[in-house]
Each structure stands twice: as C-alpha cells, then as structure tokens.
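You will see chain A twice below: alongside chain B first, and alongside chain C after that.
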Partner chain A sequence: MTWQETPNIARRQFLRRSAKAGLAVAAAGAASYLLYDSRGPKADTGTKDLVTLADFSVPVQTHNTMSIISGANRIKTVNKAIELLGGIARFIKPNETVVIKPNVAFASPPMLGATTNPELIAAVVKLCYAAGAKRVLVTDNPINDPASCFSISGIAEAADESGAKVVFPKKRFFRPTTLTGGRLIKNWPVFSEPLENADKLIGIAPVKHHSRSGASMAMKNWYGLLGGRRNVFHQDINTIIAELSMMVKPTLVILDATEVMMTNGPTGGSLSDLKRTNTLIASCDQVAADAYACTLLGLKPRDLPYLAKAEKAGSGTIDYQSLKPKVVTVT
Partner chain B sequence: MKIVTVRRISQVFFFTFFLWFCIVTTAGQSFWQLRAWPVNWFLQLDPLVAIGTILTEHSLYRGLLWALATVVLTIIFGRFFCGWVCPFGSLHHFVGFLAHRKSPAAKKIQLNKYRKAQRIKYFILAAMLGMAALPPISATLQTGLLDPIALITRSVNLVLLPIADRAAFVTSVTQRFYEGAWLILAIFLGAVLLNLIIPRFYCRFICPLGALFALLARFAIWRIGRDKSRCIDCRFCERACEGGCEPAGTIRISECVLCFNCRHDCEHELISYQTKPSPAGEIAGPDISRRGFALSLVGGIIAAPALQLSGGLGGNWLHKTIRPPGALPEPQFLKRCIKCGQCMRVCPTNVIQPAGIEGGLENLWTPVLNNRIGSSGCQLNCVACGQVCPTSAIRPISLAEKLGTDDFADLGPIRLGTAFVDRSRCLPWAMGRACIVCQENCPVSPKAIYTQQYYETIRNGVFTIDHADATIIEIVEGSLTPGSFATGDYYCLFADNERRRITANTQSAIEIADDDITGLVVQAAKIEIQIKLKKPYVDIEKCIGCGICEHECPVSGKRAIRVSADGETRNTNHKLLL
Partner chain C sequence: MNSMSARPKPVESAISICLLAVLLLIAMGIFIKQASQPTDVKDSADVLSSMAPSGFEPFSQTETYTEENLYEKIDGKATFYTDAGFKELRSRRFTGKLHREISIELYVYDMQNTRNAFSVYSRQVRPDAQVLRDAQFGYRTTNALYIVHGRYYIEAICSAQLDELPNVVTELANNIPGHLDAGKITSVEDIRFLPTDNIIPLSIKLYLTDTFGYEGLTNTFTARYRIGNQTLTAFFSKRPGSGSAQQVAENYYNFLIENGGTAKQTKVNFGARAVDFYNTTEIVFAIGPFVGGIHEAEDQKTAEQMALILHKKLVGSMGVTQR
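And then the complex of A and B:
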C-alpha cells in the first residue's frame, strides 16, 4: 500500500490522539511550572530538625545528692549507694522508660575494665524493674564495632538476662542538636532516639586514665552519645566534656571505682593497668562525682580543667564535700 | 514422583541451604550466626577448589576432602552437581526457564541445540589449571575468578546481603561496605542476564567447574540414552535440554547436566538413564582437540610468570596489601586464596575488603584491610577470618597466637603491618592543635603509640605586660579573641621560664590558674602564650598494624596515621625490626 492508498485516520481517532498529546504537553508544562526554581539551593544553615535532650534530673534533696560506698562487691555497693540517696523509688517511678548509658567504647572483655562492668549494669536494671519501670534500655555509640563491643564486654548478655533491651546505634537514631550557650556542639548529631521517649537516664561509667583529658569518668561517658566524626573535638577536650555535662542532665550517675584504670587508658588491655580501689559512687551531681573519683586516680580536681569549666557552666560543684556525701563501707 | 520434581526439590533444597550458610557467616552468638554451621560446605564440595590447591600447594586442606565425594559421585552418575546441587546453576536454570517459558517449542529447540562454543569452558579450565600447576615457584590460583561456587558466594556475601541489610539490617547492625562491589555485581548480573539469550549460558560456555565435571563424566557408569528405533524425530527432548547436549542426535555425555527434562518431555518414553550405551549413539568426551587443550594449558603456564613480571612478589610489592591476621606469606597466599569473600563477610568490623587490581591482576578480590572502611580496624580479640577460610590461605589461628601470649609469647604478636604518623597532616605535629586520638585508641598494652609533650609558642604569641593583679595579667596589645585560650591547653611562659596554665582570657586580659604571679610581673616585660601539645610516635616493637588508629584519626580524608604492610609478620622480607 502506498501513502495515497492508506485511508486517513477517523475523526474520533484523531481527537483521541490530540487529547492525549494535549494532556502530555500540559503535564510537562505544569511540572516545569511547579518545580521551577529561579535561585537554586540555599547554603545549608543546618538549623533544621534540631533536637534538644530532655532534662532527666529529679528534684534536689539536700544532703541526699551523693554517696560514696566502699566495698568489693559491686552489687552490694550499688544497692547501698542508691538506697542512701533515698532509694530507687526516688529516681524511678512505675511505668517509666529508663535509659542506661554505660561506657561500651571498646571491644574488650569485662576483666580489663575498659568498659562498664556488666554485673553492675544488671544490678541497676533489676533495681529499675523493681521500682516498676516499664522498659529499660541500654545504649551507647561505641568506638569499636558496636555489635562486638556489646558482646565482648558482656553487656549484651547482662542486659538480656536482666530484661533490658540493647539499642545499637543506627544512622537513623541520630539527630542534630545545638547546645544553647555551647561553642562546639552546634548542629551536631546525637544519639537521641532512645532518649526521646525515655523518662529517666542513668549514666554508669568506669573510672579510667585518659591521656588527652586526664580522666574518663561520668561526664566523659556522654561522649558516647555523640555521632559524626566526634574525634575532632579532641582538639578542645575540656570544652567538649563541659558542654556534654551541659547537654546531658542525667537522673543519676554511677561511677565504678571498684577497680580503676591507672595507666594505658582509656583502652587498658592488661590487668596490670588496673588498681583495686573498692569504691562506688552514686551522685545526682556529675561534677561532684568526677571531682571525687579523680582523686582515686591520684589526680586533683585542678588537674582536670573540664571540671572547673563544667562547674562554671552550672553543671554541678567540684566541692563535693559541700554536698555532705554519705560515706559507708559494705562488706 | 517424577524425576524432574525430585530434581527441582533438590535444587531448591541446596539453594536454600547455600543462602542460609551465607547468612550465618556472621560473627556472633545467635543461632543464625557463626556457630557450628558448615558455612564452607559448598566450597568444600567444589573439586575445582580442591584440585586447584592440590596443584599449587600439593596438599588437600581438611574440609576440602568433601570434594572427593563429589568427584566419586560424578564418575558414577555424571554431572549431577550441575543439575541438582550447584546454587549458581540452579539460579541460571530458573532464570532461563522464566525467560523462555513462553517461547514456542521450535524456538526452544533452537535455543537448546549444541554449539561449538561450548568448548570454551574447557579452554578456560585448562588455562586456569595450567596457571595453578606450573611452574611451581610462580604458580597462582585463579580458578576463583570464574569458579561458580566462589563467584556466587562472593556475590551474595559482598553485594546482595549488604544491599538487603541496607534496607532491613537483617544480619548486621551497621551498614556493610565493600570496595568495588559494583564490578562483582556487574559480573554476577551479567552472568544471570545471559540466560535471556541462551539458557544456562554460563554453565554451557564459561563454567570451569562444569568443564571439570564434564571431563570426569566421560567415565560415568549411568548415562542418558535414546532408543532410536521408535523415535519419530520430534526433537521435543531438546525443548528444555539444560546442558545443550543433543539428546535428539548423538548425545554428548560430557555436556549433559542430568536435568532429566528430555526424559520428561519424550512422549514416547524413549529416553532412559541406564548403564548401556545409547542406542542412538553417544559422544562421551568433550568436543575439544588435544591441540586446543594443550595450547590453553601452555597459555596458562606462561600467564602465571607473566603476571609476576610486574614484581609484585619482589621489590615492587604493594604496601597497601595488608592481609588479615594469619594470612600465609604472599606467594603461598596467592596459591590458596579462591576469592570467595568468606573472610570479608565474617569480619565483624568489615575492615577486610576485596582488593582491586592495583597489586596485580592476581590480587583481584583477594582480602586486604582498608582501615578507612568499616567500624574499626582489625579487632584485637578476633580471629574469625582464619576460622572460615576454606583453603587456609588465612590460617585458623588462635587468639593466643594472634596476640603472642601463652605458647606464642616467644614469637610475639602477629603484625599485619606498621602504623606511620604523617607529620605533615597530623594535627599536633603540623597544625599546633591538640589531638592524640590515635594514642588513646591504640588497643595494645602498653600502647604502641606514645606521646611526647611539647610547648609551642602560638602564632604571633609574644605579648607585652601592661599591669597585673593577683592572677590576672593585662596586656598592651589587646588583640586576643575572648575565651580562645581558655581551653585548658594554653600556658603563659614568664620571664622565670615557668609556665602557668591560662584559665580564661578577654581581649586584653589573661587569667592564670591559681599561682600568684604578682612578683613576677614587671611592666613592659614579655610573656609568650604557648600551647601544650602531646605529639604521637609509633613504637615499632609494639605496633601490630591493627589500623584502629588509622580508622579513628580525625583527619578523615587522607589519614594522618596510616598502616602499611611494612613489618608484617607473614613476609619476613618485609620486616623492619632488627
């Protein structure tokens, strides 16, 4: 068939075809109109979706702020320490969700003391459940591989056995925060997801030598809530630790100085790095807890500039004696 | 039950098991993680792995004895592995079926006819075995490039599971990364998509393992045959012939993968599996000339030394080739590694990566450590990679051997390499800023990275005293940024050569910690503002090359501390220590 012999298309067919073509042209035009952007993207000001961590502290009770317990058995000392501050019921109310933040930075076995002791975590989890807590979460953003850290440190197992849930750091659990009055924490990702639905926050940390800052204790433990390439803050370690104490207002901090890491911190790696000091500290004032605990490492509070900075920022007091800590020995 | 149904059940069964073994190759304690699962079973059943390592290293490493079972069964029954067991073959089978299921019978018969090009796989096999066998000093095992079990293991481990995990985090709490995974995926997808052209394209034309089975199947006791007398030459038996082995003509025993589709499709029941030779005639051996086979073999024998002309095993060795702990010396390593990716999959920190071709073509997809990837260098208390290596290219070492304790105290720890500080990039060394993240994270006790303390006067750091009271010094210049020296790292150097820590500063005043300095301060005297810096050094006697320092270095582009394979234990000619 030649072109001449081919019949022309029917009117109906032509109209249908024209309508389709018109719709397609209109759609392309409408899409261009709606999506038209005369300026291009703006510079990122980084102020979107900022999260602020809640204040997890409980009302102050004079002379019920800090306890220092001597003893070798962590389960006994921690129970005593909390009992002397008014008992667990003061801190945890029925049906609350509690986040426990241990130091799980390294894939290191519990005996080496680089991470929070798992028995101690289990003991605190049990106390929380005894007080009627609905859920207890154990979480940290470790330096080494997260799954390995939780498993080798014995913390995953301790959490499982005591009924707590381990929350591993996943990218979507981090949201940016800006600390009011802070200089370093600006639009910086924090591990906020587990804290956003929590009622209480308990920090549990070992007492360790730390080359850059002098000592890693309760305040430095919050470093594990930072995301991103947080190591850049080591350029100004004292300010970042002080800012962490401003950013995180815990219900309670517990410092385990049953064995302290005197050398080769914060990783340790040898039993010879540890020294038995048989002390456990519970405190609502994290600055006071660190100020006392550093003495067990042979340091004075003035050796740690971040303590003065944190005190100045209103995070607590270096003069722990003024809190009249309860000092007791349990055997 | 029909024989093809039994075959399909077998294929699904083995394919599922294969995937399951890939998933459980995950370090951990759950039932779905690496416990006693025989995760290497398919690689061990694979006689190409066994024969390859026998040719290169003259030994049969423990689990590879399973291959004997495959060989014996193949000699008796023919290429059952291809049609009934091989997960890669089953995948091709299924995709080929899907692609062509609606084609007319004539088209299918055309697709499944025998092609001369099916001989290519024998040449590939010959070349690979040639490279493995001779000459003994420069032999190299390259079967893993195309060995279907190694190929699918690598593809699932390094591409498919990480993509699934990215969406659902099934087997890993953190995102897994593999360098150059695109190439592995491209080859895998290419092999799968070729089924759209010809079913079981890979099996028919490329697969060196299939070629090996074909050579063994020529002796098969049971084989497919056709009764010619009553045959009407409908050729329906070739409609779904997986091997392209011409059951309607003179059947080629070596190409037959025992799919039994011919037997199923023959409406006259003329096809049977028996010990008698096929009444319609048969060709037992592969369709290759002795000359072609010999040429490929010689090609392979020449290729191995040719690869080594680049000097990768000599003075031109690549410093980035940091092998996992327990890896054999490089020449032996290359004689055993089949590039299956099991070590890369099981590594809990994801630091073990498939190598590119930078260290030589023979290096492709072998395991190397890249400390920039993953969750943190080579974990101190971990020896998972050697435990899953099917060929012992990475020896199954104990923790004591890795760390150099107990019985291994005299040997010392296994060093993967040595960390070097790049003083032109390091913050304290080059930029006058405090850091020492590398030292903190060094997991060795005592630390292999140590520091020395320096005080450095800052840029434009000399100031003139105006006056002072108690701990506050007013300076003439008045050009300071308020608070900038209050970090706890800055000190004032006075005329008495003593340094005192600065606790605060305004534009023109500096506050000093504690000490009363009234007596020291003379008007118009100079003070210097200094920063206290700890600068990192590496003790090569202690460094094990784990790379945790490199992983953590805050100079995150090109790290300011980097591990290279210098000083690695496995190659004594790379040692640094006296």
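And then the complex of A and C:
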C-alpha cells in the first residue's frame, strides 16, 4: 500500500487522535518529571542509618597480650590462657554484657572441627559469669538454618547449660555499616544488634584450612557478622578479612588448635582432615594470634596476604614474637 | 471523503490473534520447562531416603541448592564446586533409630558429567582413604564415604566412626548406585595416559582450571609418584591440537620463569625445558596434543627419568610420532 492508497481520515477524527496522543505524551512527561530524582541514588557513604561497631578492646598491658597453651583439655588450656593474660577480671567487669562470637558456620557435629568446640564456649561463659557479667550472649550468623547450625554443633546446648543466651540472626538485627577507609564494606548489613548493647566481645574460633583464604582463624571469624549475599566477598577474600579486622575490635580472641583442620576446609567432613596439635591461643591482638596459628597449619604468615593487609591497616602485628607471648604446657 | 473504519480489518485481527497465540505458546513453554526440572533425580526426597542405610531415618527435609545459593550450605567452599561445573546439591540428614546421637548427612552433588565429578572428588581425597572396590571411584575414611557415580559426586558424612557401624559402609556403597539414576556411566578415559608404575595410590587429580596456580594450564591430570626415596608429580593436559599444546607449554614455562624460576640445562632430548623453581625441578614439554611435565621434583635426575616415562606413555597412548 502506498501513501496514495492510505485511507483518508476525517478531520475531526484526526484532531481527536492527535489530542489523545498529545495527552499521552504529556502524561508520560509529567510522570517522568515527578519521579525524576535530580540527586541520583544515595551515596554508599550516607550516614543516616549506618551503625559503627564499638571498640571492645581493653587497655594494653605490655607483655600481657598473648598466651599460647599446650594441652589436650580445652577447659584447662582456656582457663590457663586467660589467667596468664591477667585473669578474666582484666577483661570482664561486674554487670557487663558480653557477646561471644563462635564460628557456627555449618550444621556440623563438634567432632568434625568445622565449628567452635562447645566445651570451649561453656568454659568461657562460666568465666564471664564468674567475673560478674550480667549477661552473656552467644551469637553468629550462619546463612543456612541457624537453629540447625547451633543445635548440631552442640553450641546451643553448651550455651544454654552454662547460662548464656543464644541470639539467632533476624532481619531486624542487621544494620548497614560503612568502614572508614574500607574498600568493600560500604553500606553493608552487619549483625549489629547484639553488639549495640554489649560491653565486651570475645571471638572464639577453630583453626582451619580454608579453600579460598588459605586459613580461617580469628579474623575470618568476623565474616559471620556480615549479612547480605556476603559470598561476593570471596572474590577478594584477603581484603575483606583485613577489613573485618579493622571493623571489629574485640576484647579478646581465642583460637582453638586442639585439633586443626589441615585439609578440605572450611567444611572438612572427615576426621582425617583433622590433626591434633593440642594448642590454644588467647590474644588481645588478633593479627598476632592468626600469625602464630597459621604455623600450626604448616603455613607461614607470608602465605596469607590478609595478615600483611591487616597489619598495614593497624589491626595488630604479624611479629607475634615481639609481644613475648606466654608459652605454657598444662597437663 | 472516505474515513478509516473504526473496526479493525479481518487481516489485522488475524495477525493479532497469531501474535497472541505465539505469546501463549512461549508462556506455556516456560511453564513446562520450569515444571519439569529437575528431570534426573525424580523425587529427591525419596532418592536420598532410599540411599540411607537401614536403622537410620530422616532427621531433616531434603535441601536443594543451585549455583546461585550453594554458598548458603557450604560458604567458603562453594566456588570449589561451581568452578567445576556444579549444577545442583541435594542433602539430607539421617539419625539412628536406636542411637539418636549418631547422624549421617548425605550430599549428592550433580556435577553434570563424570569428568567434573571426578575433578572435585579427586582433589579432596583424604590421606587415610581406603578404596571402595565396587564404586566407579570411591573411598572411605574413618567416618565418611566419598563416591563418584556417573555425573554425581556423593559424600556421606557420619558423626561416628564407621568401624562401629559395620553395615553402614556396605549398605551406602550399594545403595548409591542402586537408587541414584545417573544415566549412562562414562569413564574418565584420559587417566590411562598416566604411567602406572610407582604411582602413589589415590594420588590422581584432575584440575579443570588454574593448575599449579597458572590459569592457562587447564584440564590437567596430575599424579604423585614415588621413585626410590623421592616423590614428585607428573602431569599432562590434552589440548585441542599440537599448536595449542606448544603454546601452553611455552606460556607455562614463561610463567615459571616470571615467578622466580631459573632455566637450567636438561638431558632429555624431546624439546623439554627444565626450570629450577625454589630448589625443586620443574620440567615442561609438548608432544602432539599434550602438554606434559614434572612438578616439584626434589632432584633433576629423577625428574628427567619420570619425564621420559611420561613422554613415552603419551606418545604410545595416542600413537603420536615423536618429533
């Protein structure tokens, strides 16, 4: 059909249709004008709803920063480790609220060493109450069914029997945070609610091989405080661990290397992934704790790039020997 | 003056109906596609239940994970599987009917083909592995079973020592192939290109990517060998053709040099090149479609000896004429 064959349209009909088309264009334009945000999306550094985690560290005591205890009995080693750093009273004051952050990443039984050993949780909870703590909370953010993870790992029962309260992650417990000087943690949800009313924070983690980062120890344990699709950070694992060490300033970290997961971490699965090294580390310096613990995995601190990044960021020292750690064997 | 009819013409109506019909067909296709997957594990809950040994009953529902959310189950290890062709994981936990404290968790990873399944299996072999003779590839440890069945990689993790549960190993090893339909079982044929003399049992691994930290060395079979009191790793990667093999060998050699290696003379005479790499010997060569070599040998003489054996095997296996 050529233009000459186009059917004629009545003048009135043409005007009516033109008016309708004009109205449609005007309506779309008006809607666009009303919805247009001249400022664009909010920058990641917006501060209105952001939370900043408190500094839970205690004053430094020279040569009282790190202890390394040999022994097979976790209750004995953790008690000795804390005693050598000045005793639990140095860390926990009467009427304080204490948060204990274990590694409960998987629904895995304690014997497989993929999660923090429940005996250790119970021992530290009891120490906190002995020092006069008002409340002790035990919390982590396992992505997959927290109730199963806490139950099967034995941590729920250990916390319950020792008088601590387990706090499961809920959506409303997360608030966004931006790490000053950070590259990855920008407006990212963190499991902040239990920490917002806490006075002290103790991290307790197993020493494990990790297929992405090389090792999962004290600093990597804070990964469990991240919400959202945190697996995206595995693409830059060294940076995120270093940033976590900047974001979280704990009172104390405890590393359980009674049995370490040497291979196939962080999940493991076979008892043969584990090696008994009968060591427990307590430290106010999380970088130093990790720097020493990685040697139990057959690694050197230079094998884990996040250690150098964390040291450079001021989170602690790789040179744990400079802290003159107290090394003791308990039987 | 003629005016255009307000009613559409029959042709316009017909075109509209055709377009609507096409859209309807597309919608039906999407619905059918979504409703029909997964196609292979028919009723996943029943399949995993039927695989469980007698005396155990389900403790949890069957959980299903895809590439999108695998990290929710095995955060920190998900990319190990997704980088190797992972399609889907189904897992379920069972507890003992009489001993509730004993549990077994079954993990069935659909890796899409046997080669991918073998890759994730082989790279996690435990040091105390005891071979399961009846499985395509399989071994047990003190508390767990690890099996490749066609495109599936299966883990059965027990919270107690298996020696205390003598029937569990046998039943699981039998139940898995009996109840899990993997379709046509294919073999990992390239394993035959590795020399068998002096090989350390269960040391064969398949790296689909990033072998020895070099991203250009893909689809690589490695195996550990003990020769006298020395141990070393032999490897090969089959490329699309000889040109590709030559290029990958050249690039891998350059990678070693750029990362602290130093070139050294070698007595092997088939174009192999040797590198001193932090007091270990590396050898790399290309023959036909293969890149082959030796990794982390404690001494050069043993490395050259093994390189000759590997080269001969590759030449013989493929009928490639030595150049």
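The rule we apply is simple: the second predicted complex is superposed on the first by the 282 of 331 C-alpha atoms of A that agree within 3 Å, B and C clash if a C-alpha of one lies under 4 Å from a C-alpha of the other, contacts with A are read in each partner's own complex, and residues count from 1 in each chain.
In the analysis below, contacts are C-beta pairs under 8 Å (C-beta built on N, C-alpha and C of every residue); 3 or more make two chains touch, one makes a residue touch a chain.
Just so we're clear, the structure is a prediction, and the values are computed from it rather than from any experiment.
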{"item": "Simultaneous placement of chain C and chain B on chain A, clash or fit", "value": "clash"}
{"item": "Touching partner for A:S57 - first (chain B), second (chain C), both, neither", "value": "neither"}
{"item": "Per-residue contact with chain A, leading partner among chain C and chain B", "value": "B"}
{"item": "Touched partner set for A:T277, first chain B, second chain C, both or neither", "value": "neither"}
{"item": "First (chain B), second (chain C), both or neither touched by A:H234", "value": "both"}
{"item": "First, second, both or neither for A:M111, with chain B first and chain C second", "value": "second"}
{"item": "First, second, both or neither for A:Q13, with chain B first and chain C second", "value": "second"}
{"item": "Which of chain B and chain C A:N73 touches, first, second, both or neither", "value": "neither"}
{"item": "Partner chain(s) touched by A:S148 [first = chain B, second = chain C, both, neither]", "value": "both"}
{"item": "Chain B versus chain C as contact partner of A:T295, first or second or both or neither", "value": "neither"}
{"item": "Contact residues common to both interfaces of chain A (with chain B and with chain C)", "value": "106-107, 109, 143-144, 148, 152, 210-212, 231, 234, 263-267, 269-270, 272-273"}
{"item": "Residues of chain A that touch chain C when the two form their complex", "value": "7-10, 13, 105-107, 109, 111-112, 143-144, 148, 152, 210-213, 216, 230-231, 234, 263-267, 269-273"}
{"item": "Complex contact set, residues of chain B against chain A", "value": "27-29, 169, 172-175, 348-350, 374-376, 379-382, 427, 433-437, 439-447, 451, 483, 486-489, 501, 503, 513-514, 534, 548, 552-554, 556"}
{"item": "Touching residues on chain A, where the partner in the complex is chain B", "value": "106-109, 143-148, 151-152, 168-171, 183, 210-212, 229, 231-232, 234-239, 263-270, 272-273, 302, 305-306, 308-309"}
{"item": "List of chain C residues in touch with chain A within their complex", "value": "1-5, 60, 63, 71-80, 93, 103, 105, 124, 126-129, 141-144, 155, 157, 159, 161"}
